[in-house]
Amino acid sequence: MIIVMKPGATQKQIEAVEKQLQELGFHTHPIYGEVKTVIGAIGDKRMVKANNIVHMDGVENIVPIMSPYKLVSRELINENTIIDIDGVSIGGNELAVMAGPCAVESEKQLMEVAIKVKEAGAKILRGGAYKPRTSPYSFQGLEEEGLKLLANVGKETGLKIVTEVVDTRDVELVSQYADILQIGARSMQNFRLLSECGKASKPVLLKRGLSATIEEWLMAAEYILSAGNPNVILCERGIRTFETATRNTLDINAIPVVKELSHLPIIVDPSHATGNWRWVEAVAKASIAAGADGLMIEVHPDPSSASSDGPQSLKPEKFSDLMMGLKPIAQAVNRVI
Amino acid sequence: MIIVMKPGATQKQIEAVEKQLQELGFHTHPIYGEVKTVIGAIGDKRMVKANNIVHMDGVENIVPIMSPYKLVSRELINENTIIDIDGVSIGGNELAVMAGPCAVESEKQLMEVAIKVKEAGAKILRGGAYKPRTSPYSFQGLEEEGLKLLANVGKETGLKIVTEVVDTRDVELVSQYADILQIGARSMQNFRLLSECGKASKPVLLKRGLSATIEEWLMAAEYILSAGNPNVILCERGIRTFETATRNTLDINAIPVVKELSHLPIIVDPSHATGNWRWVEAVAKASIAAGADGLMIEVHPDPSSASSDGPQSLKPEKFSDLMMGLKPIAQAVNRVI
Amino acid sequence: MIIVMKPGATQKQIEAVEKQLQELGFHTHPIYGEVKTVIGAIGDKRMVKANNIVHMDGVENIVPIMSPYKLVSRELINENTIIDIDGVSIGGNELAVMAGPCAVESEKQLMEVAIKVKEAGAKILRGGAYKPRTSPYSFQGLEEEGLKLLANVGKETGLKIVTEVVDTRDVELVSQYADILQIGARSMQNFRLLSECGKASKPVLLKRGLSATIEEWLMAAEYILSAGNPNVILCERGIRTFETATRNTLDINAIPVVKELSHLPIIVDPSHATGNWRWVEAVAKASIAAGADGLMIEVHPDPSSASSDGPQSLKPEKFSDLMMGLKPIAQAVNRVI
Amino acid sequence: MIIVMKPGATQKQIEAVEKQLQELGFHTHPIYGEVKTVIGAIGDKRMVKANNIVHMDGVENIVPIMSPYKLVSRELINENTIIDIDGVSIGGNELAVMAGPCAVESEKQLMEVAIKVKEAGAKILRGGAYKPRTSPYSFQGLEEEGLKLLANVGKETGLKIVTEVVDTRDVELVSQYADILQIGARSMQNFRLLSECGKASKPVLLKRGLSATIEEWLMAAEYILSAGNPNVILCERGIRTFETATRNTLDINAIPVVKELSHLPIIVDPSHATGNWRWVEAVAKASIAAGADGLMIEVHPDPSSASSDGPQSLKPEKFSDLMMGLKPIAQAVNRVI
């Protein structure tokens, strides 16, 4: 941590800051510049009270040096985390593709999609039983009934199941049915939910918040790891920007940045990132080319009658075409799909 | 709702869209332009499946005409909502000022602040017992112990209590101690928490999410009202933008916009909106001048030792000066403080 | 400047960076932390090549300590700059109000507005002769003819004239007619135009760019001052964010921040900041309460027939009401209007 | 264009709006909904004065239906524009790669890079002679001397030359030396510069502004086309968002969106989009996979001594590796490089 003093800060003020830092357990190293003095503070940056030093006389601001997360970073573990779910791996050489409807609507709908996405090469079935909807008047999901349908279809097809959990009270129940617990973008900073999922026995797919920085996203993952669950899959699904032509802006840069900072696997959700099925193929290809470990894609047998997110869902045939188109891209970056 | 057809859409495609809309219960009115045809669809826009019509051949996009919220809008209730808490009113002629520490740390700290902010004119005490922190290693709050301290200090000073609830499981407990339930910015789209607070007997202070549009914010309030609780106070606390000189960007425009769209009271939190106590006074004054119904301000007896948000907390004397400075501003806009 | 080395950077790498910094004229002070080493580099930060040090082995990133501007900062000049234009001052105790149509359309229109805004208390007339329009098919302004109309109306009414210059080739011409040269938001980083206006004899009103940070804005002002023109008026006109309910988001925080960082006067344009005349009054009041030195407001005798920006223009009567309403706000912050 | 009336708008207000629209040359079609009436206005949307109708009594807002650009859109020309520069084509099956230093520093530097990037497969040499710099104290370019060096190196190596023009006064001069005129991100809405380049005989590479929507970007291109120059290459170079881990956020979605809306070629600048050479390779690959027609990449023989943008420049060997890595990606999307 570096404390930057104001121009004209007095020697007395500088010493007072040093004294305070030392009481907080830091070693201090002042550097006297031509205009400003800066004080290097060596020690554990998680001692957050140090931030309050900006209130001391003569202090201009504080610059953190250490990243605030540990368990998720490559500083501690350099080797890529590979998550194995009964033979389906995420983060390894083979790309993980999760596909299925936004919301579970019926057994018929789910089974139809499941068979089609499996044929096309997906190994994990997505489907929402609990839906976080911006309107209280929209369909909120089949809840436990939806979980049961997912589990049944998973059993029959051999597909693994990923589904969202939106309430701390449901973590245990969802864990009984799902293979992967999904934490949605709007819940990325629901810290209680993060902690509960950190105590669960299933891997967690953590979507990036609409306006979360990469650092905040990794901090959210840190919550899960620090609660005891090392199996976190990051999922970039687009961030909110000024652009309105698309539902969100896919932050493709985040892929190499996260790969550099963290050992956790990262996948991309091109359906939410674009909001329009016509653009899903292009950005799905881009994501794999950029180094993503997999994709999560919305597929619906009849998008024009979907109860949620119809506009961004692919028809099964389009999904199948996409999977074919991804093969040479995967090969070009030494991955298989 | 207006369906915009692509240039060159065929008559057959137009008729297919009309038919689908009619099946969904809409009346349709096509308008044939020089290049594009648009179809007006009359009916209840909450029938969300209509969005999926973008999948139909020849459709370019869909333009909603009705706002998606009802109970919070002035379309239904034009008169301003005034919330009365045992004689302290929010949304009326008198401005409501909520002040206190970010986190409840001890009885001594809380009582000291409470007495000072009351002397300065605040009628509501803020203080966090449950703290949503970006780091799992930061102080997470005193929890129920903190709630008890708040209730005691409230009783002794006569101040009303506002405190945050972060988990659906705690709504009942917090309702026993607090006069107002606060839903924080990160929870604005925790729809389950909104619903639970909608069933609670206490008024709800709903902070705007970091990247929530005004429409999404009003939709979140709609969740609470539609669950049965009409007493919602909106709180603008700054949005996330590209600017890094301040912690957030206070969206001062939101005040007149919300006043036009909704009958609910709106207050401003200048502490989070700026992130720096030096700028709190200026934007607090601005907020009142713009028509806000009150303020929520962080005050700490010793900000440099605060366990959370020290940099943006005012010392009690500064808060007292601010309250004095607000009087003529309030008067200038025909309000009292 | 602080150079942060990667965890595990070798002593050899650290020494190589120090050597390079010394060759660039810096003194170096390494601080060895538990995980990372940082190197303090003392010297003139405008030696930009130092940024390339991130390419050296073992370097993680670089943290600047000094602000990149000098002439505009309070580090050099602490006293507020007051600009005097023939008895009309900007930045002093009296608030400066600039009002008039977006575009100069005719002598009749301009004279009508000028008389009305003068009666209401404005001392400076705004009006565009050169209009930067997003569409090549929109009205682009009366150009020199417009400048002449402005100058004539200015002479007859005694109002000072502010008008935009959009092209380096026009600076001299516009300087002959206008009292203040306006640089629009879209030109804020037209560095050639900044330099030309820096050589002009007239004060410059510098609007903040749509997506410019406060630091970039002050750097743009630095261009003008460093070219020899000390008379710069900053104008906050809203920034681009994700919010679409308003044309822009007025960054009200910027007022106290700029006042702290710079000695230059700052005014606010509530017309562009909101994009809707219905919200102009609220944010105009807020701006003055926050400490702005004045306002720039669009007024049109018949907004529904305006050739540009009709939706955000006030009718003269509304402007007059607004000026009345601003008086007690100004008084509350010890200013006069 | 659709005019949305307020709930409760009177028949008289509706008729007044219709009358005004008819006077402006529109045909009108009112649709009476349950709560609101909307009026369809058929005619040329470029008659911008219609926007002012929001000032009329009873009007809530206006929804445009037609895109504001024509010449750049696929509505008029559906076939992809392919630009041919003496045998080097942009927008066709072969990908166009532009590489070279941010700034031209010396003949030696430029020739060294030119030879290397040519060997690696680039056909166009980039290099700045006029540099728009955020600081007036930074290196501003070699100006005409730089243009001459570019032209010479171009002649000797057979590479085509692309270089930025920042001032209307320089368009003619730069046109004499360069094969492609570059308009930088900060100049995207310098409408005078757009018009001047629209009159030039050379193709124009138009970078997207930092905070420009796709629509504004296409409108800027429309300026150039409407002035007579059909040869515009769009260049996505990252937009400004809240994320600070990277210099900008590459809007990868923009590639399929632009391809759908416009017939113009689009390339990507991964150097500016990331701001860090370590992430250039990943997003360069992603851009080609998403359907971009080419790349513009900064390459410098010794990035740590570059006079501008060193941190994001690749060394020639890295660029050569990147070009090798792009081959299978290009092939996977049926392109050649």
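Chains here go by letter, A, B, C and D, matching the order in which they are written, and residues are numbered from 1 within each.
Rule of thumb we're sticking to: a contact is a pair of C-beta atoms (placed from the backbone, for glycine too) under 8 Å apart; a residue touches a chain by one contact, two chains touch by 3 or more.
Computed from a predicted structure; not experimentally measured.
**Student:** Taking contact as defined at the start, I'd like the list of chains shared as neighbours by chain B and chain C.
**Tutor:** A, D
**Student:** Which chain's mean C-alpha position is the greatest distance from chain C's?
**Tutor:** A
**Student:** Could you state the distance in Å from the CA-based centre of chain C to that of chain D?
**Tutor:** 26
**Student:** Just the number, please: Cα centre separation of chain B and chain D in whole Å.
**Tutor:** The mean C-alpha positions of chain B and chain D differ by 38 Å.
**Student:** Could you tell me the distance, in whole angstrom, between the mean C-alpha positions of chain A and chain D?
**Tutor:** Measuring from centre to centre gives 31 Å for this pair.
**Student:** Listing for chain A: what residues touch at least two other chains?
**Tutor:** Residues 211, 240-242, 244 of chain A touch two or more partner chains.
**Student:** With touch defined as at the start, can you tell me which chain C residues reach chain D in the complex?
**Tutor:** Residue list for chain C touching chain D: 20, 46, 48-49, 51-56, 68, 132-140, 166-169, 186-187, 189-192, 195, 210-211, 216, 219, 222-223, 226-227, 240, 276-277, 303-308, 310-311.
**Student:** For chain D, which residues count as touching chain A in their complex?
**Tutor:** Of all residues in chain D, those touching chain A are 211, 213-215, 238-239, 241-246, 249-257, 259-260, 273-274, 278-279, 281-283, 285-291, 325, 328-329, 331-333.
**Student:** For chain A, which residues are in contact with chain C within the complex?
**Tutor:** Interface residues on chain A, with respect to chain C: 2, 4, 7, 29, 31-36, 38, 40, 42-43, 63, 65-66, 75, 211, 240-242, 244.
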